[in-house]
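Next come the structures, one after another.
In the two complexes below, subunit A is the common chain; its partner is subunit B in one and subunit C in the other.
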Partner chain A sequence: MNEVLLLTWVRSTGLSIATGIFVLGTLWRLIEIYTLGRKPDLSVPRHRAAASGLHTLFRRSLPAPGMFIRASASYLAGYVFHTGLFIVVLLFAPHIMLMQSLTALSWQGLPSQFIDATAVLTLAAMLLVLVDRINNPVKRFLSTFEDYAAWALTFLPLLTGYLASRHLLLSYTTMLALHISSVELLLIFLPFTKLMHAFTLWISRWYNGDINGHKGVPS
Partner chain B sequence: MSASLQKGLSVLMEVIDAPVASFFSSCVHCGLCAEACLFYTETGDPKYTPIYKLEPLRRVYQQEYTLTGRLAKMLGLSKPVTDQELEIWQPLVYDSCTLCGRCSMACPVGNDIVYMVRRLREGMAVAGHAPDGLVDASRRSLETGSPMGVRLPALMAQIKHVQADTGIEIPLDVTGAEYMVLMSSMEIINFPEYLGAVSKIMKQAGKSWTLCSEAFEATNSGVQIGVSDIAKVLVGRIVDGAEKLRVKTVISPECGHAYTALRWDGPNLIGRPYTFDVLHILEVLDIFRLEGLLKTSGFEDAQLTFHDPCQLVRRGGVLDQPRNLLKMVASNYVETRDSGKMNWCCGGGGGVSTIDEAEALRFAAFRVKKAQLEETGAKTLVTACANCRIVLEEALEHYQMKIDVIGLTELLAQHID
Partner chain C sequence: MTAHESLGERLIQQGISRRAFLKFCTAMASMMALPPGSAMAIADALSKTLRPSVIWLSFQECTACTESLTRSYSPTLESLIFEMISLDYHHTLQAAAGFSAEKSREDAMHNAYGKYLLVVDGAIPIKDGGIYSTIAGRTNLDLLQEVAKGAAAIIAVGTCASFGGIPNAKPNPTGAVAVSDIIKDKAIVNISGCPPIPAVITGVLAHYLTFGELPELDDLGRPKSFYGETIHDRCYRRPFYDQGKFAKTFDDEGARNGWCLFELGCKGPTTHNACATTKWNGGTSFPIESGHGCLGCSEPNFWDAGSFYSALSMPAGALKLGTAAAVAGVAVGAAVSVANRAKKQAAQSAHRTATIADLKE
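So, the complex of A and B:
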């Protein structure tokens, strides 16, 4: 298979398979998790301003009081790479064009120089996250193969995307094919790995806020 | 597989609900919960990372409730939870977790880790992997009504002493009283001044109240060990007593976990809402303050600080009341670092203080509390939980720190003429 055929395949059949697994897998996982249900709380709730599921959903994006100083690197690298991913995935003009072709939705992108700089910063933050996972005794202790695989599945699309857009290392066609392939791998594995947190964390935060908010604790 | 392990695993399957599944699916192994746990911060041992303590529960979830886990199990690729493993996990689930809930406040993806530890304890206890200290306390609670084996005659003896000291009659089994006052065995044996303080405050407020001879113990070791059947029996005794005396409000004493067990777990254990209200004594005192029924005179001039009991503040929602009350009697009150909803645990909650084998670890974990207290320079430490109080006193003695510990109710009563 030459590079043009490879690119054509990953853009058509490959993308359909990956998207299908991603959508069905995510739906399956969400159903698997949330149909377990929970019992109603029979205790009389205590109402307090700022103590609810909705509050915690937003509040958990900030460190709890006293926590930032204890794990500054985790928080900073985490903010940079999540924000960077968001910008690169959703505000890069070619990505917006792809979204438009799939969903008919379109929005304003950011200049490619800004996206390039963001990608470099995000790659650096992700490398820092990896080094921290290897060096930090708790993270190293907790880490399994899945943690490193999830890191690689997230890092590769970013790296290949940057190399393709800058026409580095391989031909543009080959690098673009590798970029799309790596995105497809990410889509295929996301529902079945810890990357699923992209969906479940919002509901976990809401549960936490709801359980504690019932007692009047702003969690 | 032993019969007890089989039962324990069945219980673990039963306690896994949507929040547990959502929490496990959200964990990214960031390790931040370790930084919130005093057993990790004071030992540096990663095995005390809160989410790691849940590993047996996570595996049961994965193997029984996820498609990939079930497939792996069918193909013989998964590692089953064994008795040996639960035995190894016992010190992680009990000795080194006070159910303090700091991890649940810190987790960036929102996992309520204590919610899950409480559930894991259900399975651990049924599988026969609960610590002897908690098993004995639970047995004594069922047999005698008290985890310390305190029976009615002991309470009656203390009532006589308190009446002699204060000159105020302690009402017992008064039908139709507004308040039914509960105590913890720790207060009956070690801190009976609490009862004297309550009688003084109630007299000033002009409120009717009573103790109940059939339900005076507030603590619930069933919740701590993680056996809902025991917890239900213990809560049921209080409910029966309160409904028999037709009281309007039951007052939980200065005991953190007794409050959460009665106020938040109780209705869910007995399967229906109560016919009465439940308030912590500090909530009652704050209501009296607002209504002008609590009148104090004079101030403590010496520097003092407050230890927020975890079950009261973080797991119970009693946040502002202690500070409102302290301002009435303390002119030189200082907050500790991380006070309020992120306060550090005394190290003995969640049943840990009853586990002999956990004593050395408890003293090690206390170092964070020690630092908090030393930073304030306070010579008096006020709290609102008898278990915290005894744990604090023991640890202060261990570290030869000259700080007095007093209950807030007692402190307030000292300022009533």
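So, the complex of A and C:
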């Protein structure tokens, strides 16, 4: 198989399989999680819980008092790579074309030089969180294979995308095929790993905030 | 003119000045990315060289490769190609027909066995013994194998001869293949393109005549000097790609402003060719300059690489599993949910209230 055929395969059959597994897995996991349900809490609320859930959505994105100093690498690099991923994935013109073809939604992209710079920063931030995870004895102890796999599944699309756009290492065609393949791997494993937090994040934060508010814990 | 005349003698006879000849050699050196001083070496070698015999075989093709070479503006660098070579056999261009045409091929092979250049345009059908394309009652496969035996080198002109091209596209009913799929023991240079750029054919021949060997090739057998970079790398619309300015349709404001055609399906980023620098029609323009995206015609399997009008980042085909996956996802989710609830209920049913007596045990 030559590089053009490889690229065509990942753009057609490969993408079809990957999106199929992604849709199947995501619906499966979401339905499974949200039908688990909880026992109704019959206790009298200690605090009006109405805004606790909503407040927690945002509050949990900020470090707890004193934590920023103690885990500055985690917070700083975490902010940079999550924001960077958002920009690179959603605001790069070729990616918008893909979203448009899948969802019919389209929006304005950013100049590719800006995306390039953001990708470099994001890659650096991701390397930093990996080094921090390996160097910090507590984080290393808590880390499992899944944590490293989730990191690699996120890092590879970013790396191959940058190499493809800068025409580095391999021909653009081959690197683009590798880039799309790595995205397909991410799509396939996302619903079945911790990466699923991309979907569950907001609702679980709201849930925690709401329960805590009911118990009188400040959100 | 005979094949025993040198090119220099022939040019003098035709009244072509030394100055014009040097301009040609300088252009060749420039196109092939050779050092400036090599123009004189090319001029020296070409003026002394004897014209090599060339046999041009046309198989499953549309003659656009020949059209490309002969229909360029005049006077051209390409017109000089016919001064450099002795074109002894070419279906479309030769005067001879029928048995005499085939005899001219046999004579050329006999007179310059081991030294002639073989140019091939068109793919070769090999299914069912190659019966889907025949010349003078012989299959293309048979003819290619015979003529290739005595060739010094083979030049596969056009994407069909280089990679199978359109005849090789799915479902490929004739089993069409490229020259390199059949001939394994000869030097082959692929000059791909549908059609290929005339100056590239000239450049490769000039290189062969000057240095006695084929130019440096890429991993697909194409001369690196012409196919070393992508159309996108050299496209004058590239700054618009970098700025994120794209034409959305062929007649919108972006298209009128000459913005990048990536979103309209341009395959420039994955296509290696010299169109953006050498251009077509005597340097007038190339497809992107005329407002249409690159089709990627100089790459293998370009016909099967998805729609010409889908951006490279878009799916190359319909994503067929979407609906089935969604239904299956809901079904699996529901089934797991029911199983979880049953498990929970079973646990609740099996629950025994602990008593003081239990705690004492």
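By our rule, the second predicted complex is superposed on the first by the 212 of 219 C-alpha atoms of A that agree within 3 Å, B and C clash if a C-alpha of one lies under 4 Å from a C-alpha of the other, contacts with A are read in each partner's own complex, and residues count from 1 in each chain.
Just so we're on the same page, a contact is a pair of C-beta atoms (placed from the backbone, for glycine too) under 8 Å apart; a residue touches a chain by one contact, two chains touch by 3 or more.
Predicted, not measured: the structure shown is a model, and the values here were computed from it.
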Worksheet entry | Clash-or-fit label for the pair subunit B, subunit C on subunit A | fit
Discussion item. Is A:Ser101 touching anything from subunit B or subunit C once the two structures are fitted on A? First, second, both or neither.
Written reply: second
Worksheet item: Counting only touches as set out at the top, which of subunit B and subunit C does A:Gly209 meet: first, second, both, neither?
Response: first
Worksheet entry | Most subunit A residues touched (candidates subunit B, subunit C) | B
Item to complete: Go through the superposed model and pick first if A:Leu27 touches only subunit B, second if only subunit C, both, or neither.
Response: second
Discussion item. Using the superposed model, give me the angle at subunit A's CA centre between the CA centres of subunit B and subunit C, as a multiple of 10 °.
Written reply: 170
Discussion item. A:Asn2 in the overlay: touching subunit B, subunit C, both, or neither? Say first, second, both or neither.
Written reply: second
Item to complete: Applying the touch criterion given at the start, work out whether A:His197 contacts subunit B, subunit C, both or neither, answering first, second, both or neither.
Response: first
Worksheet item: Just how close are subunit B and subunit C at their nearest CA atoms in the overlay, in Å?
Response: 6
Response to the item:
subunit A residues where the subunit B and subunit C footprints coincide 28-29, 32, 35-36
Item to complete: Spell out the part of subunit C that touches subunit A in their complex, as residue ranges.
Response: 220, 230, 232-233, 241-244, 246, 262-263, 269-270, 296, 299-302, 304-306, 310-322, 324-326, 328-330, 332-334, 336-337, 340-341
Worksheet item: Where on subunit B is subunit A touching in the complex?
Response: 16-23, 25-32, 34-36, 40-41, 44, 46-47, 49, 51-52, 65-68, 104-112, 115, 263-268, 271-274, 277, 313-317, 319, 337-338, 341-342
Item to complete: Can you check the complex and tell me which residues of subunit A touch subunit B?
Response: 28-29, 32-39, 41-44, 46, 48, 51, 56-57, 60-61, 63-67, 70-71, 74, 78, 136-144, 147, 192, 194, 196-197, 200-201, 203-209, 211-212, 214-219
Worksheet item: Where on subunit A does subunit C make contact in their complex?
Response: 2, 4-5, 7-8, 11-13, 15-17, 19-32, 35-36, 93-95, 97-98, 101-102, 108-113, 167, 172-173, 176
